[in-house]
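Two complexes follow with subunit A in common, the first pairing it with subunit B and the second with subunit C.
Let's turn to the complex of A and B:
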């Protein structure tokens, strides 16, 4: 117990680091992913195949390997990034691929009749996207987005393997110093749980609410 | 704004588009709408086999025929939501969807031109397709504000006038989901009219409605026809066609079998195909 009391401030600080990394990842990945998702629908022939290849690659490679690539191979190309920036890039790169698929799917799920009647009114392609498709797609993409955010938070623990300090790395340091892995790791699990559970809960609730109003349509 | 004014605005806009269009003109455009030898294929299946007809300004033309006859496809070609494979369609002095170089070659017009063209041609579909995420009023205001660049105040006024015209003033702030099918369809008509179109296209607009709701939608269309709107109406309502249309076109298997004034076509059908179509129609109604 004394061990835990001594280590707690250190772990809390590390947890804050994880939250910071997660928030940055989620915001940037959402921005990039949404743009890619919209582009792959609007400019199907130009960007569609490119984005598909990108998503396919990301899905087919473990995120750990991507982190190694960024961390070890960027310097060999003469690219010396701050450790945090390097891993953040990978996390955003990875998250954007997942999110672009969600956004693309949500847009394509809006019935084609909506596009047709908007065209009939003389709206331009990007206007149809902005005023007709995206607002409708938003409803259906919020629940899967939140699920992915939870996944991305957990993915931030991978960056510990290249020595980027956050909750998981701090946990390893403390367990090595104190020799009390169970207590410390249990605490770390509780920290992750405290971050992820509310998000999962909100996601679940939105899924239910949006789902029911969807049926009413 | 009453319908007379709408028509007036439509006429003014037409003058404008005549003067500022640097688009090709040719002998092809003799009437307000000219459909010349239009053919269309869906893969191996030819759905339009050389369609020819014309519509003069203010005319109401009814397209009738059995399912699969190509009448809806023909209508959608008129606002280029369906492409056609050969032939030419002229509306108000412009070719629809394509530019023709006079030597048999054609190129698809840029998206901006097609969108501008469509803003002059109102279309109402069988399944209303109102935008579910915004109110009735905003459904009607969206295109005038975003496409015509009207101020919100002006667009709101126009929208309220049109809602009054289709008898739905009290539903301005309702969402589409809370309206009956007939009410949604009337909003869809108001939404199309808000663009001050030169032509209105109706694609089986009463087919999805419960029988008791059909009348309210037909009444709005009747009013519109009386106000002098040029209309092309795909319909299964033979009675309505007889009463309102200036010309009836009967299509079957991608060709026009008979066309002419309603009294001639509907009361004295010359071809066996139209006779049996009308027979079946009236049998099912009685």
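Let's turn to the complex of A and C:
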């Protein structure tokens, strides 16, 4: 218990890093992913295949390998980034790929009759997208998005493997210093739990209310 | 030079991939057993068991697998259980993915119409028989795509054992790149190897789904 009290400020500081990293990842990945998703529907023939290839490549590789590739290749290409910016970039690339799929799926799930009626009313393509399809797609994509955010928060723990200091790395440091793995690691797991569980809970409730539950994840 | 370099390092990286595959096979095996226990617990008649299994499932799903691995690797020796690093990896993978599988199993079982249970009971079958020979086969067929997806995720997650120093593909690449100074090239190779491996797995899952569609029409 004393160990925990001593280590708590250090862990809290680390938890702040994790929260900061997660929030930044989620916001940026959502922004990039939504743009990619919309583009792949709007310009099906130009961007569609490109974005599919991007998603295929990102999804085929474990996130840890992606972190290694990016972290060690940025300097080779003359990009000397801050540690946090480098891993943030990787997480955003990864998250955007997953989110673009969700957004694309949600837009395509809106019944085609909606597009046809909008065309009949004389709306332009981007008007159909912004006024007709997106507002309806937003409803159905929130639960899977929240599930994905949980996944992304957990993914931020992987950056500890390349030595970026956040909650998981701090937990490891403290464990090695104090030799009390259960106390420290379980406390840190509770930190993550406290972040992820509410998000998942909200997601599940919305899912039930919206009556759409394709994603078993 | 690059070709020569690929030729020299590829066997080591593939050996790492083979280790990943081995981890994945054991991981999947234990994940299925663990998921089965969890589902049994969640469907139990006794509220404490039900609650305990739900807490376990949530805990496994909402904490990073890396920390679960550290608990097993650094913690178990203190309480007198010494597992090899390899089996710590297997246990951590099975712990998290088993919880995901448990949710899939539960969803699949619940998705089968309750009337079928009533019909089975009305025909005079035991509850156990109804479950194992009527509900479960249908549920398994329904769950196939989700299970396949989870297996691929588990395979990709095997890379986390690099964090406890097991020489799987990523760790091998790290060591080799430190020896040779080829900074990112080896990691790119690992990425390509994984893309190929997961695509093959994806094709196998797709093939199974094709069989399923032709046979059962779903």
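Keep in mind that, in the parts below, the second predicted complex is superposed on the first by the 211 of 217 C-alpha atoms of A that agree within 3 Å, B and C clash if a C-alpha of one lies under 4 Å from a C-alpha of the other, contacts with A are read in each partner's own complex, and residues count from 1 in each chain.
In the analysis below, contacts are C-beta pairs under 8 Å (C-beta built on N, C-alpha and C of every residue); 3 or more make two chains touch, one makes a residue touch a chain.
Source: prediction; values computed, not measured.
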item	value
Which of subunit B and subunit C A:185 touches, first, second, both or neither	second
Partner chain in contact with A:127 - subunit B first, subunit C second, else both or neither	first
First (subunit B), second (subunit C), both or neither touched by A:175	second
Contacts of A:136 with subunit B and subunit C, given as first, second, both or neither	first
Subunit B versus subunit C as contact partner of A:79, first or second or both or neither	neither
Which of subunit B and subunit C A:60 touches, first, second, both or neither	second
Greater subunit A contact set [subunit C / subunit B]	C
Touching partner for A:117 - first (subunit B), second (subunit C), both, neither	first
Partner chain in contact with A:193 - subunit B first, subunit C second, else both or neither	second
Contact residues of subunit A, present in both the subunit B and the subunit C interface	216-217
Complex interface listing, subunit B residues touching subunit A	79, 81, 111-112, 115-123, 125, 127, 129-134, 142-143, 146-147, 177, 188, 191-192, 195
In the complex with subunit B, residue positions of subunit A that touch it	111, 113-114, 116-125, 127, 131-132, 135-136, 139, 216-217
For the subunit A and subunit C complex, residues of the former touching the latter	56-57, 59-66, 68-69, 72-73, 75-76, 150, 154-155, 157-158, 160-161, 168, 171-172, 175, 181-182, 185-186, 188-189, 192-193, 196-197, 200, 216-217
Touching residues on subunit C, where the partner in the complex is subunit A	58-59, 61-68, 70-71, 74-75, 78, 100, 103-104, 107, 143, 146, 149, 156-160, 162-163, 169-170, 173-174, 177, 183-184, 187-188, 190-191, 194-195, 198-199
